[in-house]
């Protein structure tokens, strides 16, 4: 019996071996797969133009850096454009590694969810991919060469995903966060806006892409030539402004300071530096740079029958990172107390911008503080009373405190 | 008497295999029906299971023979056949949904380039192989696989918990009792696991306080399922119902993913491995029933029948399976409730064989 | 057939049976009686025969009585034999047998002598710390090595003979009072039932002792070191020693045994635990890494971190083979090199290693036939394989199998095969002991000598995975009292 069973097993193994030696022929192997690292979506004449940045294997030597290629596809939906991109390039568009989605300026004028929803719906894309809006054409931004990384999408991700030790001045978001904001009751979402900055005197037109394929269907180019790289390597990126969306449409923008203050109410804020200029000190005015070493913030909503109050509390523990005076006592030491005028100035700075932030939110009706969600979750009894007029009934109670480290 | 299982194996069986099939599609189905109250639906279903499991344990305590023996002694041969056929139908239908989920999962998330049913069919070899084994082997599988389940779930929880906003499940009960009942009704075919435990009656030595150990294991399973559902909703909130497979989705927003690739797949793979045993359970117990009903001489006949039926269902209903499952969920709920929860409760009322024969002798 | 009192009849019969020319029938006289000494040429100690057998025969005057005859010989190993077959066996076992006219018995002298290999450290289990002696091909020497370790009257050796033509002495070794009687009885029965032409090595016996004849896993443990064997016997196992083989077999066998090393017991628990964890992880890597890599490359690119994927894509650019063929080919080359280096003389083996490892590998990568990551994966898997040398052959077959499955069915196919593998392993029992104990069935008391190597006081009791009559192996209380 055992021998019989083993013979049967051998037969099964032979079958598997047969599959092994034949199935390869129908597989889409790694070489036929395009590793899309970023996707730029633009809109032109009611059609989506999807440009994919693809990491191109060039070297067998590990010291050689990876190169990129950009190809575009057109279609009436994002899915159709991606399919077109695959059809014309012969590469199977694999989106698993797509960690960045750029939204072009033109597309932002329409309902962006019509395009982004594709990425949220399909399982073949990581919905943890970062979403960012471009000041101009998304394709142009993607095509820019930068000294940060020879693949621009990696450079942009470096800017967006600043970790500890950097300023938390970018309101980074991903598809999932954007979509859950959009599909929430308040239909509000946000994403950072990326723009190109010239590091030195420009020697080529800003945003002009040497590797851009134009709008030609399925055209392809590669930006790996050394001369091209040199010409364009002075492009840097900035994403400190934030676009606000309501029902999928862009309704406003937060400037650099507002974005910074908005982030103060989000996750980690440690390491962020805040310039506080013109602080009176010893009969002269001094400029300070504060570093946040700890932050405690809360956004709470209290709703009664007569009153809907948004309570914003922000407590920052800072230390002086730099000061533009030759005053040489221990003011730069870690445990030095912050001078009173500096604290006052810093508190005023934040209070002013928090106020402005709330105003912007009310004006644009973009619920960046998730007021409606808080109303539903924590004040459900008053939900029906305020759900349609919460912006008009809203009062704010802002409390900002700045402390030195040892206080 | 030589028992096939040990109490420890029964406990580990509950922890290793019962939570798994509830971690795939169930959270998103519940999110669609009950939104933030999805966990209440889960708790309600788990409560039902808890009651029926308690009854089964009471039956285990007083039984002096196995489930089949008890049925025969209490209802006679015809009665036994009727009850067993009810369970056979129950297990056949109970298997369809998780198997389809698994098939879809394999097709959509693992084989992005070549989705085909062929890649899932080899699973039935495992199923067949396990079905040919005795209950003792199932116990041994639990001895090993609980570790895979626990490690897998821990990895997923650890990688997802930082992205969860637990206030998302507030306000509690705002969607109304109806939504909770509806969610619970629709999820009945994912629950009703105490039916499996019926087949353990008389197969392990019930010792004093064993019920505490087994019910504690059930509570661990309940905590895993409920926490998973809560974390899932806390991550996705308004778009939770759009996430088809909670298992793959919840962990991918962690920073580690950016640095190390899909590290969470280690956990997912461990869960998938354990789930192969879990998915085989309805088929395994169907085989036990078939063997009892027809007393097959060869060990592989019942597994061939049971596995072939499921393969036929999968292959022929491949395109229309979603409709078929929705019919099962909409109209089969009561059947699942009766056989999966109510009949196990009645097992507590079954008299031990010895008593019946003693009464007959009197 | 019983001996007769007439020597001629007996000799005629024995000469017919022992007709080979290497068997000497030395005619002599014992007093007034004719006698014949039968022995195998060159397999007895001729000095000892002269001193202990021949010299006493010259001292007899007249006709000796039975008692006088038997007591006259000084050989410490002497037995009376009454049967022709017993005599034949004794002669073939290299004893010298003396037949005397007028007596219905023969005297068998244990005076065997042949060239033996010196006791040396076995190449398969070298240790940095701990005893270095290993078994040799001589059964008496091996028995003496064990007896030196366990000086107890409870240590039992039971002699059997297996093989129609080889008549190989096989010894069952166990400690009475620890080993399970049922197991000893079963083994005795199994060994006696072996009907085979010859037993040329212990592995012949192990094939018969396994209950699953077609299993890919071994079912009988083995060791070449007396210290390990003594340890195993003390845990309740039964050993089988075979003459002509330096390998001792132990039953029952647990899979975890192959992840344990003798040095674990001589080093600290911490380092032993780390070493075992490394062996365990290495075992898993050696089995699954090539398969996982191919599955990821072919079906699940998303599992590979982007930066690593780019390195892979860069390196496979221009490789003519698909990832699965490439891995298969590289593994095949590895197996060929492995086979060649084992078979070849040691000095040529070095050349094969250099040619195979450096020249072939390096040039294959440079020439673009094999990619560097594939070569690295195979090399890593190969090295990991040798951290568990006892399972090397099984694992290399399984590794190829998993690779083929992963190449055709991808990650899910691999998971399916792992599930099958697990079911196979957990259903595997030998002598009522599950192969995967103490993991499955889970015996938590025994887990302290698995991947985790417990401290000395944690080993108060013998492992429960192996049936034994006496559970306690040390008294921790006494030690604690002193402290």
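We just call them A, B and C in the order they show up, numbering each chain from 1.
We adopt the following convention: contacts are C-beta pairs under 8 Å (C-beta built on N, C-alpha and C of every residue); 3 or more make two chains touch, one makes a residue touch a chain.
Predicted model, so just to flag it, every value in this text is computed and none were measured.
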Tally the contacting C-beta pairs at the B-C interface and at the A-B interface, and name the larger one.
B-C
Need the central chain here, defined by C-alpha centroid distance to the all-chain C-alpha centroid.
B
Taking each chain's centre as the mean of its Cα atoms, which chain lies farthest from chain C?
A
Rounded Å distance, chain A centre to chain C centre (Cα mean):
64
Counting only Cα atoms for the centres, state how far chain B is from chain C in Å.
45
Separation of mean Cα positions, chain B and chain A [Å, integer]:
41
Taking each residue of chain B in turn, which ones touch at least two of the other chains?
112-114
Indicate the residues of chain C shared as contacts by at least two other chains.
299, 302, 306, 309, 409
Residues of chain A that touch two or more other chains: which are they?
27, 33, 94, 96, 99
In their complex, what parts of chain C are in touch with chain A?
212-214, 297-299, 301-302, 306, 309-318, 322-325, 328, 368, 401, 404-405, 407-409
Seen from chain A, its contact residues with chain C in the complex are 2-3, 5-6, 13, 16-17, 19-21, 23-24, 27, 29-31, 33, 35, 37, 55, 57-60, 62, 64, 66, 94, 96-97, 99
Can you check the complex and tell me which residues of chain C touch chain B?
299-300, 302-306, 308-309, 409-413, 415-416, 418-420, 422-424, 426-427, 434, 436, 439-442
List the residues on chain B that touch chain A in their complex, please.
108-109, 112-114, 167-168, 170-171, 174, 235-239, 242, 244-245, 248-249, 252-253, 255, 257-258
Any idea which chain B residues touch chain C in the complex?
6, 8-9, 12, 106, 110-114, 119-120, 122-123, 125-126, 129-130, 133, 137, 139-141, 143-145, 259-262, 265, 269, 272-273, 276-277
